[in-house]
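In what follows, subunit A forms one complex with subunit B and a second complex with subunit C.
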Partner chain A sequence: MIWQQFLSLAGSYPLALRGLGMTVVLSLISLVLGTLLGFGLGILRTGGNRLISSVIGAWVDLIRGTPFLVQIFLIFFILPEFGIELDAFTAGIIALTNLAACFICEIVAAGIRSVPTGQVEAALASGLSRWQRMRQVVLPQAMRIVLPPLVGQYVLLIKDSSVVSAIGLTDLTRVGWLVVQRVPNGLLVFFLVGVGYFIVCYPLIMLARRLERRMGAAHGEVQL
Partner chain B sequence: MLENFSFRTIVEYLPLFGQGLVTTVWLSALSFVGALVVGIVLCAMNLQRGWLFRAPAKAYIDAVRATPLLAQLYFLYFGLPRLGFVLPELVVGILALSLNSGAYIAEIIRAGILSIPRGQVEASVASGMTYVQRMRLVVLPQAFKVTIPPLLGQAIVLVKDSALLSLISVAELTRAGQLLASDRFMPAEGFVTIAAFYLLLYYCLKGLAVVSSRWLGSAGARA
Partner chain C sequence: MTKTGMIDFRGVNKWFGALNVLKDITLSVEPREVVVVCGPSGSGKSTLIRCINGLETIKDGDLIVDGQRLGDPATNMTQLRTEIGFVFQSFNLYPHKTALENVTLAPIHVRKIPRTEAEHAGRELLAKVGLADKVNAYPAQLSGGQQQRVAIARCLGMRPKIMLFDEPTSALDPEMISEVLDVMVAVAEEGMTMMVVTHEMGFARKVARRVVFMDAGAIVESGTPDEFFSHPRTDRSRAFLSKILRH
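Take a look at the complex of A and B:
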């Protein structure tokens, strides 16, 4: 009985692989774009310009205050009304990138704020330019605070990518949904879907924990 | 463009949105209570010395944290009938949210309890307190203070996560927006309105977090 279902499930493994591939590609693209955008926004947020900072803050609040599903629907169904035609994949990438950027912005901003002002003042006194100050003094120290939650955010991003199945992208979750229509064993099918996500996410969770321990330890070291 | 954005239709559908909002609020509240129960049980198991209780709790927490809520929701939705439990979608949804958030809450509570300095526990052992006294009088009151802000954060996440229940056709807020989008073909009106309602809930919970942290902060200063 179970064995028969395993056999019929084995037939849909190319589909499952494609779904897993889609999940990984979606997450990877939006992870890279979101990290770049998030660092940019985070630096601007702490950059001293009140207007820019509060506009970014308001946008981040808007994104953090609404469900990701609603954001996807808004992007997928409303941008076309502004004359921007989107396929589901692009809409998914935009939504995920935006989400990641907003959360990473806050993480980076918190990291930058944690760097003592004396450091910035010293860099200023040494005649470093704005860019040098950020790149050589502030960011390297902020990374210690930023890195563990950043990796945690990547895990959230991979998990959130499952929501794009709602607009019809064939990612891993959608594959499970398709297969379960044919092989009516939800427990088995979604257990396997879960295993797929677990394989991708668990190493990252372990990495986040390790970073947390290591960075925590580094924090306790003697600081000059 | 959105020059024909119809506020009139939104007003017309307002009762539907109201019902959706009420459903979202109470099902989130119920799920949060469920999640607290799940979280406390898991945390208690996780803090035991023997592996007999610890291992399953750890495995459960890791499994939940490494898989998306949507997959867990479908697991229960398509899987439970297979085991002979034919439950209404709403119940499946609340169950999924409780089981999911419970794993996160277990970690929040654990962090709170572990934040109590070891010396305090040793001091209370030295004063001859029993386990229950130690927990009730020393550890939990202090852990409580540390856990409230992240618990409220988890409540915000839970409210947002509850939007996924619309995908198994629970008649909550997001479902109301979908109905307007599909009945009248007005996705802008539908989804902008529900986004506004979710923001309302978000700011309420965020305000609560600010108030509570101020209150807990002053309580801490007094102690």
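Take a look at the complex of A and C:
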């Protein structure tokens, strides 16, 4: 009986691979976009313009304070009411990117605030422009604080991507739902789904741990 | 139009909240002049020199530096700062950059000097402050005195017209003070316009043309080192001198 289920599961492996691929592609795209956007927002958040900073702060609080499932429903089901048609993939990317950007914004802002004011004053005193101060002096030092939680955030993002199955994207989680209709062994199927996520996330968890150790000891340039 | 010095305070006032930290400061520093500013802590001497490169802004009065009025929309503060070196009490070297990178960062990115040229000049400057062998060391690998000498080299790398020192030796162990003062004396003897907040009276006697004594935000007394140390004119400066010269 179990053996038959295994055989039948083995037959679903092309579907499982597609699901895993979808999870990885979704996560990767929104991770890259979310990182870029998150750094931009984090820099603006600490940039000294009160209005911009508080608008970003309010948006971040809103996103952090509502369930991701609700956000993705809003984007996928409510936006079309206003004439913005999105396919499930685009909606998923937008929702995940936005979520990642908001968390990363706060991580980056905390990193920037951790750089002593003396550093900014020294850069200011030697005539570096605003962008040069950020690029040459503040960000490299902030990265020591930013990197470990940033990689940790990537792990959370990959796991949160499972929510996109709710709007019909065939990611790893949805493959689980599809397979379990054919092979009625939920424990086994979702155990394997979990293993799939873990295989993607575990290297990142290891990386985060390594970074944390290195950042504690390093005094020189941050190198990956 | 009155004659303008390199640094010209005219009736400058500044408040931190209700506290009047600079009271009606009028002071002119000529090119190539070395002025030592001293006074008890909280007297406003650091604030005074931090105003000159705009790390602090003034509330009223005029502050004219190298012919440019601070706070004037026509004054490009970033540009003006490239002409003013600032040495901090806590060094503020960039910890993620080597000694040489600390020195060459602004010349390369602000002055747009080619990297090889900037590095050549940077090595010479580090040799000049006695750190030829520490070119590739990170700040954390250097002693306080060495860090402060790198910080001075970092300022010199921009070939500034003015150098400001904010208690440059106060964070140092006693045995490291003289190595930093020696470098400062050398810089002064090359004709740099300098304002130095310090209690190092030996330095003041050696190179200062003028000593300015501040208390409670105001300039109380100003004169040559000899006048000031031998014949202080006010009770407050006498009280201050008796405290710092007792040891």
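Here, the second predicted complex is superposed on the first by the 218 of 224 C-alpha atoms of A that agree within 3 Å, B and C clash if a C-alpha of one lies under 4 Å from a C-alpha of the other, contacts with A are read in each partner's own complex, and residues count from 1 in each chain.
We adopt the following convention: a contact is a pair of C-beta atoms (placed from the backbone, for glycine too) under 8 Å apart; a residue touches a chain by one contact, two chains touch by 3 or more.
Since we're looking at a predicted model, the values are computed, not measured.
Once the two complexes are laid over each other on the shared chain, residue contacts for A:Ala166 go to subunit B alone; subunit C is not touched. After overlaying the two complexes on the shared chain, residue contacts for A:Ile205 are found with subunit B alone; subunit C is out of touch. Taking subunit B and subunit C in turn and counting the residues of subunit A each one touches, the greater count comes from B.
Once the two complexes are overlaid on the shared chain, A:Gly194 sits against subunit B while remaining clear of subunit C. In the superposition on chain A, A:Pro14 makes contact with neither subunit B nor subunit C. Contact with subunit B, but none with subunit C, is seen for A:Leu74 once the two complexes are overlaid on the shared chain. Contact residues on subunit A toward subunit C in their complex (touch as defined above): 116, 118-119, 121-129, 132, 136-137, 140-141, 219-222. Put simply, subunit A touches subunit B in their complex at residues 61-62, 64-71, 73-74, 77-78, 81-83, 155, 158-163, 165-166, 172-173, 176-177, 180, 184-187, 189-191, 193-194, 197-198, 201-202, 205. Interface of subunit B with subunit A (complex): residues 1-2, 62-63, 65-72, 74-75, 77-83, 160-164, 166-167, 174, 177-178, 181, 187-188, 191-192, 194-195, 198-199, 202-203, 206.
Partner subunit A is touched in their complex by these residues of subunit C: 53-55, 78-79, 81-82, 84-86, 88, 90, 92-97, 105-106, 109-110, 138-141, 154-155, 158.
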